[in-house]
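Here it is, the structure in full.
Chain lettering (A, B, C and D) follows the sequence in which the chains are written, and residue indices restart at 1 in each chain.
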């Protein structure tokens, strides 16, 4: 039973079906019938005009989105444990041509206006110090915490006040929306761009960059090609994204993953390091305890010396999740 | 009947089957069972030790391969009509951090040692001029011409003499091998790296970077991640590549495409701009002639004012190709 | 007698004097009293509002100026023998983060709207091809030819029509103005930025980037620092520039250099490869002829197999120049 | 009386003299007689073979030195208050093409092997995290603290053990050597490269990059040109450096600056935030106290809310320094 990560989970049958149907004659790159429908489909989801580009990975989505907001001599404020800082192999440095990540602190890997101020207020307004140009937050955060709409609004108001762009890394956006029970628009707040994650949520290899300021997409179309991310059979990426939106599969899958996470938690909540507001569970577990669980066939990552990260995905078996929770409770 | 390009052709049934089979529980990124078999599978194909990385596009394959050979202050010699120069949106500039493409001339978009000399011999050996560090050739070339093994050996010997790396853009490598009737090893010559194209040859979205100098792959693993090209469900890329190798599907598909191209040519060879040594046909066709063909339902790209490019693919209908050839002959 | 280049000529006594006077207590970087006067001084010279930044080299001046006009995914049209293409060690690739130089042809290393059209009109307006964002011309050109005001106006009008920026590399701007006998404003035409060269014209190590669109300077201030070109004792650069402007020393020096060049030409004009419109003389001279001149103590660069480049500078001895001309005539 | 910084101090008479003498006919760039003597002159100073390149600024020196050690996908460990992190406008991101600064902590802005370990040991050895390739330390540090030879040896041994390069930012290297009373070789330890600062120590605009591994200089020669830092009248930079070495002027000037700093400290040492081991004095001073000093004509920078930074330079008046110390004592 694997609770290692949601990033290698299986592909949902409806995504497979969409892939199959997309395999006809069509225009290459993003000239196909599927790609052409993305702006409208995501526009409906968010209730406003958007420009949408597909890419194969979340790293590309995040960095391309930020490239529209941050010049090479600028900076991006993010949490010190943000994915773009910790897990993207320096991709922001590559895509932003050496721009700087400015690391803020905050509980549960979440930012607040105060946390951002603590980073940027000491920056002298001169050419000797890199100036911030954007803020990037992760919804749900790297510790599985969801920003409430009012929290995003506060960050967005602060960003606007300071003339900063706002990007949301939504690798697990569906999980956040499923938890919050709000609209997708509320869950992204006043951001200019969202990396709308699908790979961790039932897709094969397609993510959407959603620009709420459609003009930002203009240069990113060039940058996507320049980064080698404009696939010639783009219909297969677009079809995945449309399948995820169709009948709100993205939300359905996220709910299933969240439910499995809650099933783990149910009987062992006292071990939690963080409230579970998505599909990731961080629990205190000693090395011998982890060993015992692994002997029972459970797979997961260690998280430091005395904890573990357990991640449920859309295809997690709810019974297995419950059993894992019970196994933990029985340690 | 589409003869626009092979880059958006359908996916071969055996690739579909491999994709389906790959959708089980496995390790993310390139830790899966499929990715782990690539070095061996390609090593058998080429008869020597290789290191193989998958990526989703030819642009990424070309640029990542070159990034292992060329420092930011260096240059790459390529044909003035090479794909990396003409059609990759400046990706070499991005991946090589501003390194320079040095444009050589040559019939049929092919290079020769003399053509390369003409470009690099005038370069003064001082810091004021960018120095060449590698050569990139395309097999088959952008005009569908195949390098003979002895031609590649001559370029390779020249490269070695000058201390330059040698990269082969093999977006249509299979088509070249099918035409040449030689071994894959002979068709790539003494290159250090090959972009082994599959997308134009029946795959969905997987290309292989084959390093014949395996040490070159070391830094490229980091660069691939940094470019956002390390997909988490990498098994789906590796599975495509293995399916292409299995039973030499890559060669079978290339032969089918080449045969369709020859079927077009058969009755209208006097119109050819270039000998057809792969699956691309460049023919003299006036605007009224092109119009007439389009009215008969044929799709293709104009090539300048009085010519057209007709590209066959693995799934081209041989009868339709023959009919197109006859339609041209009847103009 | 050295006619190798003007780039290593001596420093003019009035520049030395200005350097000496600048060595008092002052604010670092460009906060000093000298730097603060640059906008006004150059504004008077050009008869309009400008923003001026000093840097130590022409390469930095050119590339920083262009960085304000061209995004990393864009291109710059320049002559195929432009200094930025031939002699700056790939600096545009570095400063523009991989943007592309698009090489045009033209007699005397000069561009025309037609020559630019020949390069950019074939570029498809899609993401697969790098799009032009600016034009860079050299006044006087790399072959010592001066753009007439109406030629610059034509290029400027074309640039505006196509939405392209216009940069003038004025490494020898003074020589062009001295030749043209027009105002500096006329000699730069409707450019947004000028690299106003001083090093080849009597300064020690200071060039001015003059932004006729002052807003362009905003990001360049950051980029200059980021490139390590913001010297802490900037007063010494600013003082050089002010000394060059004072009493039109820049024009006086340029006239002296031009006169020396004409003295060379006077008796041997039939050997000229290019009309002499600045301080550079390109002449047909066979290897034995060059050898003979060198034996007489003249230093200059070979220019290909049967020619030479002779460059006069502000401190060239007019008699020596005349003597060289006579020596050539006597060959 | 200015104690703002040493970075805008006057130019030493012997440097002026050397500049004057250098203004004859010579080869451009670094082909002149002065530049050609640098390797030998610095080789004697450090007692071993070195390769030396001049540049105009410390930022360029630091970043070019690091560019020889760190690939674009790598990282550099430095102190969180290091100049390259805090005060170079993101230049490392530019010169290293997006490589990452990895910030370590340590008293007095100094690093130790333990402090470095704390940063790099948690880095997973996989492609998802940027890997360290070099360490950069500042001698004397940003808080005016000097590394003892044994401290540098320990860092060097650690660097070697981990396969990391070692760079020393010696913007105030002379001040450190003057304080330590050791040889220059001991004060730089087993580094591969040193930014040997002169601008803060009596020069006008020349710094030396000293490569103790001469092979590292090979690519940096290209990178220097590419960054627009290869001045054509390089003789003026080389002459400054040689003047600084001649008769150990660098050491004499540094001693004078250190002595002035000690004169400030002498009567007010209880206010010190850091031991004074160079020419920088960090003292507790409340806003009213700072105001009182400024009314007496002293200029300096505030350092946070209740402190100030007082920097002496080679040309500081020793009496004025003593008077400032007394003024502080009298507050």
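FYI, a residue touches a chain if its C-beta (ideal position, glycine included) is under 8 Å from a C-beta of that chain, and two chains touch if they have at least 3 such contacts.
These are the chains along with the protein names UniProt gives them: A, B, C, D = Threonine aldolase.
In this text, all values refer to a predicted model and were calculated from it rather than measured experimentally.
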* Find the chain most remote from subunit B, comparing centres computed as mean CA coordinates. => D
* If you average the Cα atoms of subunit A and of subunit D to get two centres, how far apart are those centres in Å? -> 42
* Structure fact -> CA centroids of subunit B and subunit D: separation to the nearest Å works out as 50
* Asked: Residue numbers in subunit B touching 2 or more other chains?
  -> 72-73, 88-90, 93-94, 97, 127-128, 222, 225-226, 230
* Asked: What kind of graph do the touching chains make: line, ring, star, complete, other?
  -> complete
* Residues on subunit D engaged by subunit C in the complex (per definition of touch) -> 2, 4-5, 7-8, 10-11, 16, 20, 23-28, 32, 55-57, 59-61, 63-64, 88-91, 93-95, 199-200, 204-205, 222, 225-233, 235-237
* Structure fact -> Given the complex, residues on subunit A that touch subunit C span 71-73, 97, 127-128, 131, 219, 221-226, 230
* Enumerate the contact residues on subunit D facing subunit A in the complex. => 72-73, 75, 86-90, 92-94, 96-100, 127-130
